[in-house]
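In the two complexes that follow, subunit A is the common piece, with subunit B as its partner first and subunit C second.
And now, the complex of A and B:
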């Protein structure tokens, strides 16, 4: 959904350096796991939603309603377990930030930019392959979901919604996830890729001023959230 | 040279080896055509030749394989793939990047080709497979045939000495296939060694190839004669089951260039119609529109008396079924039997379809454990078990050996004979000849009907094979034959 289609203008996020996006995606996602203050989490969420909005994703009303319903159900389940509304809100916000941050940045990073950047990182080959697998997982999964959602419509309303979701989406996705690392490894190796080897690069992504600005903005934001979380205790 | 001696491969939990003491030599400057029924071990042999077996796919192997004296089983796969290029049957599984030019550049980057040289190599590789116009496109927007051409270009750009191609013509249109066959001939002339896995030996009749038949795990140079396919007879004439009237459709913005414009045609009960056209001309799009999975910009689509154009509700059209060219996308149930049962009216219909398409022995297997050809037969069985009035069939012959194809055609003959309406898209001339009581040709967004051996309104050069492709006579890296 968020990858650029030929001829469409690139958004701000597409032009960022892969390193910036890895830091932002993983940084924000992991940072959210440490925050307990709902206000701090809300600020972080506000920022992430703002970045999502800058990509102008196509969202239909039923999809928004479905997403909100899932979140409400999650919050309700948390409330039932802990009997504490603040706890439910905190965990729900944390989940949303975590689930949005990493896919958001990985969906806007092209595979070739990522491979070019990772091959220049001074990290062990195992770590590099793991990063590659993790970062490519979300875009390929998003594409598979899009395909499956299209074909499950062939069943129309002759199947109940739960069956359509379970049989048409969940089961094929489980197979896809199990198969994912094997397929990607095969694709990489058949093309002569090895994480430990030097490779040339057609267009190496450059680190630009906007990367610096974005990183500074996020560090400031995280600082503000940190103040709310820890300084006011 | 690739030298194979006493090769045995047995997959875990399988009592019988897939390959049994196979001996072969694949020499440079030679094209070897590997034939054999579905499940005979053609792909297994290809995987063992390049080292995917046993390095990535676990199996017990014995004997030896040597590529220029080196064993691919003991050499890292990436190193073997610098000298041996492998095109998988499922080209989707090979793609790593999002964009066509990035995909070709990816292999070049791995081979440490200088960035300055890459643009020329990408350009030439795309020219070789007639895909220059696809350069800026996203891979996910390509048709299967276009993707296959791009992945072949990605291999050619690397200029490897050995090439193993698993059904390289499966999704290619007539023109692209002609270009590829010329190109393969030129590559063999340059001294490359080519191993081509194919179900249609007739495609290679004019080129100097060495055919091998793989049966019961062993190679034989004696190939069985091709089975003849009986044309699908006309059924009792009836009502129109599918009607397109001035349909316009385009992906992306509503004011963007339409892929289809003023498309009008009908398919009635008791007739079998074949839809043909170049890769990316919109054949699959026509099917998706007919099933209401896409919404046309203009025009009317009526399927089994239900208008589907507006697609206000995502209701199923009970009398129409679509069999996609990617069978995995239509398999949801835990066993073969249940997969057919879920759409069938009764158990009797399930048994009948499984028996007809030789799936009865596999009825307890998980659908995703089947071979590509078996999966395709299963999706057809499931579609027919629903007893539809209209069947839309996308590329039915891909991955099918002669026997399976004969079974499918026999079943489709019965379907049409009983008054069913069949619309199929295929690039396989043999299948088009037996299924095509009428032939429609999709070109530049509009449909033309074949009358008296000619397509009315179609440019002459669209349907004939190009003459010898001059560019195929030089190698990607500029060396002549």
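And now, the complex of A and C:
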């Protein structure tokens, strides 16, 4: 989950209503599961890749290579099981669309936008704050895990595998969870948060013309994919 | 002002436990998913997830703790991962919470957290298969029943092992003064 970094320009997707992004992400992701035609899936993939590319994500070569390796392994496994290249292509395209469509919301929604969106819903304040904490601290904890893995890789080469996993990764991660929990509880209580009190929010996100345009464009695209999938059988 | 069932401390701890589950899943699932062995991703993930769920339940203890952790986890999966994942995580959490609340009325001691965790991991798999069958019938309709049974046995074994490690770690945390096991209350 990556939110917009302060100082970087906001893209088209950042300005969309959070609910629009949830509907788009989930809608495209689930729709891809019903498609079997590689052409229909390719059109959907082209759109999703275009949307993700418009965010100009920073991709490093090792990350791209790792991603392509996983996809190649997935395609190879599908080909070996079904002995059909079309089957392997369809399942791989479907996986990529599914993986790219769902995180559109998380890639473009900041914690403050999420808080404003949630404050319009009948969600208990405790659950709302918990969701915000998860949103905010997933990248932090993921970064801690990356550092732990790096540390184990550099220093724990002589350790047996069980010790690498248990002492090198699990134990420190559990201690991080406890440490962050204590510090965050203190920070929330110092700011007067109580799970029994409703939060107030002054700026609610509103539906705009761009939300309507985006939803219409996606519905049209889904319609085109549907024609390719079902009308040409 | 009406007092809330959960305190701020408990909400925060449940949220951080759910974040740990998400981090573990984000490392384990991409490695195991391409292998296309039914239940493999669940079995491997169950081992690591059980460690954190057991510690979370030992810390929270109240009835509904498992539902709180899995509910938060499923909600974040809904917006960040997939509605399918939301369905099976919440389904597994609700079923296991119902059974554990009936059997133990909370998660005091060491047996209830362990049973709750193993039940959750085992209950999640049938929900995952059901949803997968709904969306991809041509693939999941062909799976033989014995594969399902073997996968459930594997999930039972790995979640039990993870749960026992979680209890061992909880004792280490208690010795470090970070966690009260609450054994003296009984």
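Note that in this section the second predicted complex is superposed on the first by the 144 of 233 C-alpha atoms of A that agree within 3 Å, B and C clash if a C-alpha of one lies under 4 Å from a C-alpha of the other, contacts with A are read in each partner's own complex, and residues count from 1 in each chain.
To be clear about the criterion, contacts are C-beta pairs under 8 Å (C-beta built on N, C-alpha and C of every residue); 3 or more make two chains touch, one makes a residue touch a chain.
Just so it is clear, the model here is predicted, and its values are computed rather than measured.
With both structures placed on the common chain, the touch criterion links A:197 to subunit B and to subunit C.
When both complexes are overlaid on chain A, the residue A:154 reaches subunit B alone and has no touch with subunit C.
In the superposition on chain A, A:189 contacts both subunit B and subunit C. Of the two partner chains, subunit C is the only one that A:73 touches; subunit B does not reach it. After overlaying the two complexes on the shared chain, residue contacts for A:171 are found with subunit B and with subunit C alike. By the touch criterion stated above, A:207 is placed in contact with neither subunit B nor subunit C.
Looking at subunit A, you'll find residues 171, 175, 184-185, 188-189, 193-194, 197 touch subunit B in one structure and subunit C in the other. Those residues of subunit B lying in contact with subunit A across their complex are 50, 52, 56, 76-79, 81-82, 86, 88, 93-99, 102, 105-115, 118, 136-138, 140-141, 154, 158, 252, 288, 291-293, 313-318, 322, 324, 328-333, 368.
Listed in rising order, the residues of subunit C touching subunit A in the complex are 1-4, 6-9, 11-20, 22-23, 26-27, 30, 33-36, 48, 51-52, 55, 71-72, 75-76, 78-84, 135-136, 138, 165, 169, 172-173, 178-179. Listing the residues of subunit A that touch subunit B in their complex gives 3-6, 110-112, 115-116, 139, 143, 147-148, 150-151, 153-158, 167-168, 171-172, 175, 182-194, 197-203.
Subunit A makes touch with subunit C in their complex at residues 1, 22, 25-26, 29-30, 33-34, 36, 70, 73-74, 77-78, 81, 98, 102-103, 105-106, 124, 126-127, 129-131, 133-135, 137-138, 141-142, 145, 166, 170-171, 173-175, 177-178, 180-181, 184-185, 188-189, 193-197.
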